[in-house]
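Reviewing the structure listed below.
Labels A, B, C and D are assigned to the chains in the order they are written; within every chain, residues are numbered from 1.
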Amino acid sequence: MKKLRDRAAELLSQGVVSLVIGYEEGTKRPRPLFCRNSESAEKLIFDSRCFHNLAVYITKKELVGKERFAVTAPISTLRSIMQLYVENQLSEEKLLVLTVDLSGELREFTTFDEIAAYVAQFELKRGEREQGILSKIEAMDRAERWKFWMEEMSHCFKCYACRSACPLCYCSKCVVEVNRPQWINPWPAPLANMEWHINRAMHMVGRCTACGACGDACPVGIPIDLITRKMMEDMAPEFGYVPGQPAKQGNALSSWKLDDREQFIR
Amino acid sequence: METKYISQSGIEQWFNAIVISGKRVFAPVNSRGQVDFKLVKKLSEVADEYIQTTQSIKASVYPKAEVLFSYEKVNGKVTLTDFDPESVPETVLWKVHPCDAAGFKPLSAIFNWDTADKLHNAHLVKTSVVSFSCAAADESCFCTSVNGSPGNTAGSDIQLTMLPDGGAIVEILTAKGETLVALMPNVFEADKGEKKEKYLVDLLARFNLEEVNAKLNKAFNSTVWKEQSERCLGCGACAFVCPTCACFDIQEDAHGSKGRRIRCWDACGFAMFTLHTSGHNPREHQSQRWRQRILHKFSYMPERLSVVGCTGCGRCSRACPVDMNILEHITSIAKQ
Amino acid sequence: MSSNTDFEPKIIAFVCNWCTYAGADLTGTSRLKYATNVKIVRFPCTGRIDFLLLLKSFAQGADGVIVSGCHPNDCHYTSGNFHARRRWIAFRSVLDLMGVDIRRIQYSWVSAAEGSKWADLVNNTVADIRALGPYAEYQKVADYLEKEGYNEEA
Amino acid sequence: MSEQNTYLPYLMTIEKVIKEAPGVKTYRLKFQDEADAEAFEFKAGQFGEYSAFGEGESTFCIASSPTRKGYIECTFRDTGRVTSGLASLEEGSTMGFRGPYGNVFPMEEWKGKNLLFIAGGIALPPMRCVIWNALDLRENFKDITIVYGAKTVNDLVYKSELKEWSDRPDVRMVTTVDPGGENADWKGEIGFVPTVVDKVAPSSENTIAIVCGPPIMIKFTFPVLEKLGFKDDQIYTTLENRMKCGVGKCGRCNVGKLYICKDGPVFNKEELNLIPAEEY
């Protein structure tokens, strides 16, 4: 941690970067910190509790400005950064990525190839929570799944924390804000909520890197991250992707193959 | 106001009597890993060990989405069907925290400012609040800093203070409260002279409201808004869990020749909230929107409506995905 | 699920202009008889059919949906149907996860020459949906509003 | 309890449709209910919520003068879901109206003064109400000057009325279009509204200036008026922030301590100075 603070302070004082986005101790758990000078870098922390996906900030122009900046990134954030890069949202010249590896060493990435090589060592696996809920859902029949999700959706009040917390939801105007036509009813109601989450899942197909930020952000505890996660797991073999690895061949729904297989079109 | 005693078994009998009377009873229920208000039939369903429900009781007097009126077009002629206050069922909110009940006052102040809000008032009339004073609090709670207290009775029709024997001190505060008592009068015994204060959590005030107000009056151009809001993601979680946030949107649900006009929750933190049709947005940056949230609650509402827009329930701090802690932020403004 | 013989399913078909719509036209001009439960919505291409339209159909009272366009390699716009195919693969998977009854959406490729295939598609789909019964489960929740403010059972 | 539902609109019949400019229309509306028509009163400066059933509500001022009884008029540009819904209605069809809301121009206080109207683009409608109100009570006021500008000649609204006003001997009328917006027949000024005001240089002596236009025009016109010697209490404007309810509840038009819908939309510059300029 000291190494990270020192390096961040150095980067800032030497003017290599104008901003370091990292974590500081929060009131309940670590929270995002924006260091613009070497003094504030003293507050930086980086440990296993730091899982908020900071990649959500790196596409916000009003925040990061025009100059080069650095971001501290655990694996899940690195995956998001790779996906953002594949979607042409980032440039190597502007971004410096810092992480602490398993042996506690500070790693610094200046190219996306380096990040890709590093991320490739880690397999994306379901955690205990994900496995618990998903195996329950997988054991349900269709009617049970409908009941389960409608109950969950009835709690949604459309605060859009899921959208706000997702690093890949960077559209300046979201489809829910389009009212000609009104694709998704803007008020919170079970079906309107369901439509929103189905829509979100569809927009995430082949893009979601299962960082869990949306589910973590949901104030009413809907496991919405598992919708996009399950989609990622199920669609990866269909379209030839590796979950958690960037879609170098293009996003699933903006590309196609002659031999895409299905059994349901008659 | 009258004070009585009710025993543990008396509470259950009374609760059952309320349910049998046909009123809907909503109470905190622990399900899906969260404690929140739900329709209940049995006292055993009500949650015990928790500090705060995720959502406030706001939705009972200001639903998430509600039909203002419906319309039908036939051969170019339009007929309107007004909202019917009689369609609102009698509702009892059970085991409400004082900070939640206190939220009714600022809510009503907004809805009835100048023009009365028929819908809100219809819900208000049909809703009775049975609050439970607080014996516990956590680091997000700060009711005592915003004119509240763990035993505050504002907004409650009846308040119970739980006693070690499982019974409770009952404060019957309003006529609505008396109506509830009348459903099972024999379980209410004479007051045993127990002091309510003995059973309340001790919660030190964390800031001085007047001081904060004075600071805020000069803080519009402060850099504090940008500093505090840098990590804000601009979602509506804080506004939607808040017992006093009342900003809303009016939307149309059209189905061919029929439709309904709907009022639904909205939040000043959303980027689109103030966007003009021309593309001009008076509150373009998140820092402006964060400033609006704080100033509206702690400066504009006290001045215009003579009521603070915060009851210190701490829900926004708990709900925020990036730890925008309102207590921390207000305290730091007070210290400036 | 009970099969109600009095029940006439409402079915919405989203079809592409170049193949299936022409195919359906041919069905008519060939005087082939088929079920009248289908309302056709014509699109330039299957690639242009937004998945939300399918959900909107159910919300507005459809019991079943048909989506049909050009056979692979026959797309008027070269690759619209390939994009559509991927989208439907993903969409079907999302819907299945959420518990939406995916048996009620029938995808097909019907060319401009396949008038009889269109008739069969419609007849089979109508029979399938008739067996499934009305999609009340979905339609019921379409109008839900404030009642669910407190997760009340309707 | 016979409480009124604030959100329930009056039903109005569109009596007349006037095409003003590309995408801009004026509707003359009549109350369908006689009793409503009788009871309805408003003053210059007030606004309302107009609804197209099936699309929603939109906020515009009442563009007709309170001196013209029996109807109200609104002028709007077809830009969004609601306005396009409204624009597709025809003469004889039904729409909704809630109002009148907001405060008013203090016409009584202005008796015996000169009036200077400065408007830009689609912001003439709120002004038109005041202009006609003043012209219908012409003897109450001294000189009346109108400076009106739009992007192009085509975008000028109320073309026939502009002519009527400029033909009147008791009105000084200056019309202008942005540079490049003129056509071959254009005889008015060419230039942005603040520049033209500067050029026309009306006297500030015993004069009330009423400014209405896009936020950017308002912000550039104020310094010009100041230069001409106008004091803050001589300058009035009407603001139009985004609104949903119109009655101070929905929270959108809250600027500083004020609500545009209740404390406004009419403000003099003294009052405006109390609220942060960046938020309107």
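One rule holds in what follows: a residue touches a chain if its C-beta (ideal position, glycine included) is under 8 Å from a C-beta of that chain, and two chains touch if they have at least 3 such contacts.
Remember, it's a predicted structure, so these values are computed and weren't measured experimentally.
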Touching chain C and also chain D, the following chains: A, B
Between the pairs A-D and A-C, the one where more C-beta pairs touch: A-C
Inter-centroid spacing, chain D versus chain A (mean Cα positions, whole Å): 47
Centroid spacing, where centroids are CA-atom means, of chain A and chain C in whole angstrom: 33
Distance from chain D to chain B - Cα centre to Cα centre, in angstrom: 39
Between chain C and chain B, distance of the C-alpha-averaged centres to the nearest whole Å: 44
Two or more partner chains touched - positions in chain A: 155, 187, 189
Overlap residues in chain D, where contacts from two or more other chains coincide: 80
Residue numbers of chain B (touch at least two other chains): 64-65, 249, 251, 262
Chain pairs in mutual contact under the definition given at the outset: A-B, A-C, A-D, B-C, B-D
Residues of chain A that touch chain C when the two form their complex: 137, 140, 142-151, 154-155, 183-184, 187, 189-191, 194-195, 197-199, 201-202, 205-206, 227, 230-231, 234-235, 238-239, 252-258, 260, 262, 264-266
Sites on chain C touched by chain B in the complex: 60, 145-146, 149-153
In the complex with chain A, residue positions of chain D that touch it: 80-81, 84
Parts of chain B lying in touch with chain D, wherever the complex brings them together: 68-69, 71, 73, 76-78, 80, 82-83, 85, 110-111, 113-119, 121, 125, 220, 246-252, 254, 259, 261, 263, 266, 268, 273-278, 280, 282-283, 288, 292, 296, 299-300, 303-304
Chain A-facing residues of chain C, complex: 50-52, 55, 59, 72-73, 79, 82-83, 85-101, 106-109, 121, 137-138, 141-142, 144-145, 148, 151
